[in-house]
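Here you go, one structure.
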Amino acid sequence: MPFVEIHMWQGRSNEQKRNLVAAINAAMVEHAGANAENLQIAIQEYPLENWARAGILGIDRTEK
Amino acid sequence: MPFVEIHMWQGRSNEQKRNLVAAINAAMVEHAGANAENLQIAIQEYPLENWARAGILGIDRTEK
Amino acid sequence: MPFVEIHMWQGRSNEQKRNLVAAINAAMVEHAGANAENLQIAIQEYPLENWARAGILGIDRTEK
Amino acid sequence: MPFVEIHMWQGRSNEQKRNLVAAINAAMVEHAGANAENLQIAIQEYPLENWARAGILGIDRTEK
Amino acid sequence: MPFVEIHMWQGRSNEQKRNLVAAINAAMVEHAGANAENLQIAIQEYPLENWARAGILGIDRTEK
Amino acid sequence: MPFVEIHMWQGRSNEQKRNLVAAINAAMVEHAGANAENLQIAIQEYPLENWARAGILGIDRTEK
């Protein structure tokens, strides 16, 4: 612990993911007192047809 | 919030997913008082070899 | 499978939960072809200080 | 989306949580291009007896 | 990684949890080649009113 | 219930998964008193670029 799961759409580059996990790791260490060696982050990516807001699939939305 | 995660096997059509998220959204608004604009649903799909019941993988089961 | 996790704030009554899971179960059977006997739903409830939107905790928001 | 779940031990103060979600929100906006209005974060807190590393419960570990 | 989340009803003793995480840890090391030092297990416990099978809450079921 | 989610890297064979779910099922029945018929296990597999420890992506680590 801690374990952080990020649920987001697919499509970010490895460089974006690299910067994202570094920043979240730093936030967890600074604000939650986490030990970085035991802090793991997992990114779950979803295609637009596997996500909905207000009951409308991502593939059917004009505003995401 | 709310956030609803659906774990199921892969293979539903977009039309099935479209109807499913609409119905779940309606259920959350009616019965849990959710604000649809902040209600998100994510569908995680699994291949049969990544799921088990009673300790037997989906690819090895005759009855799912 | 399927397994449905609902993440929401604490505070709904048992009667609300009863109606909610019945409606979600019906939606999963009708639209996703689920076998109700193997369909499980879990509700995770969070206090307002354990949830944020736009980086602002629920206890600090005026609009939820 | 995105939806971020943080699994950690119980015991952080509201002030720590306040700073933590603000920093994670900023990281998601900057590095993943998230729309903050649709970005939700949930914190799941566990007592030490509900977590293990290397097969040893938190209540039995000397080094966390 | 790996990270294992166990969703179950509340009520197991610490001794049951102790034996459970030891056995799951051993299974992950033996069968999935996991490094125990980086293998974390979290137990999420639910009251009976926060879980349903076949659309019926745990508090309303006679057979669990 | 119970529902067990295993988060791990992709790449295990079906034979490894077969043995893994059998062992975890046995552990849950023996130590947590689970009813195997209602015990489901799901495996979520991640590519190395979707996981980090200590803020460093799996694709950038030399030691996993």
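First chain written, first letter: the chains are A, B, C, D, E and F, and each begins at residue 1.
One rule holds for everything that comes next: a contact is a pair of C-beta atoms (placed from the backbone, for glycine too) under 8 Å apart; a residue touches a chain by one contact, two chains touch by 3 or more.
In this text, all values refer to a predicted model and were calculated from it rather than measured experimentally.
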Could you tell me which pair, A-D or C-D, is linked by more C-beta pairs in contact? A-D
Per the C-alpha centroid definition, the whole-Å distance linking subunit B and subunit D comes out as 24
Rounded Å distance between subunit D and subunit F, as computed from the means of their C-alpha atoms: 20
Give me the residue numbers in subunit E that touch at least two other chains, ranges are fine. 1, 3, 5, 7, 24, 26, 38, 40, 42, 44, 46, 51, 53
Pull out all the chain pairs that touch, please. A-B, A-D, A-E, A-F, B-C, B-D, B-F, C-D, C-E, C-F, D-E, E-F
Which residues of subunit E touch subunit F in their complex? 1-9, 12, 16, 19-20, 23-24, 26-28, 30-35, 38, 46, 51, 53, 64
Across the complex, what residues on subunit D touch subunit B? 1, 3, 38, 40, 42
Subunit F to subunit B touching residues, read off their complex: 5, 14, 17-18, 21-22, 24-26, 36-37, 39-45
Over in the complex, which subunit D residues touch subunit E? Could you list them? 7, 44, 46, 49-57, 59-60
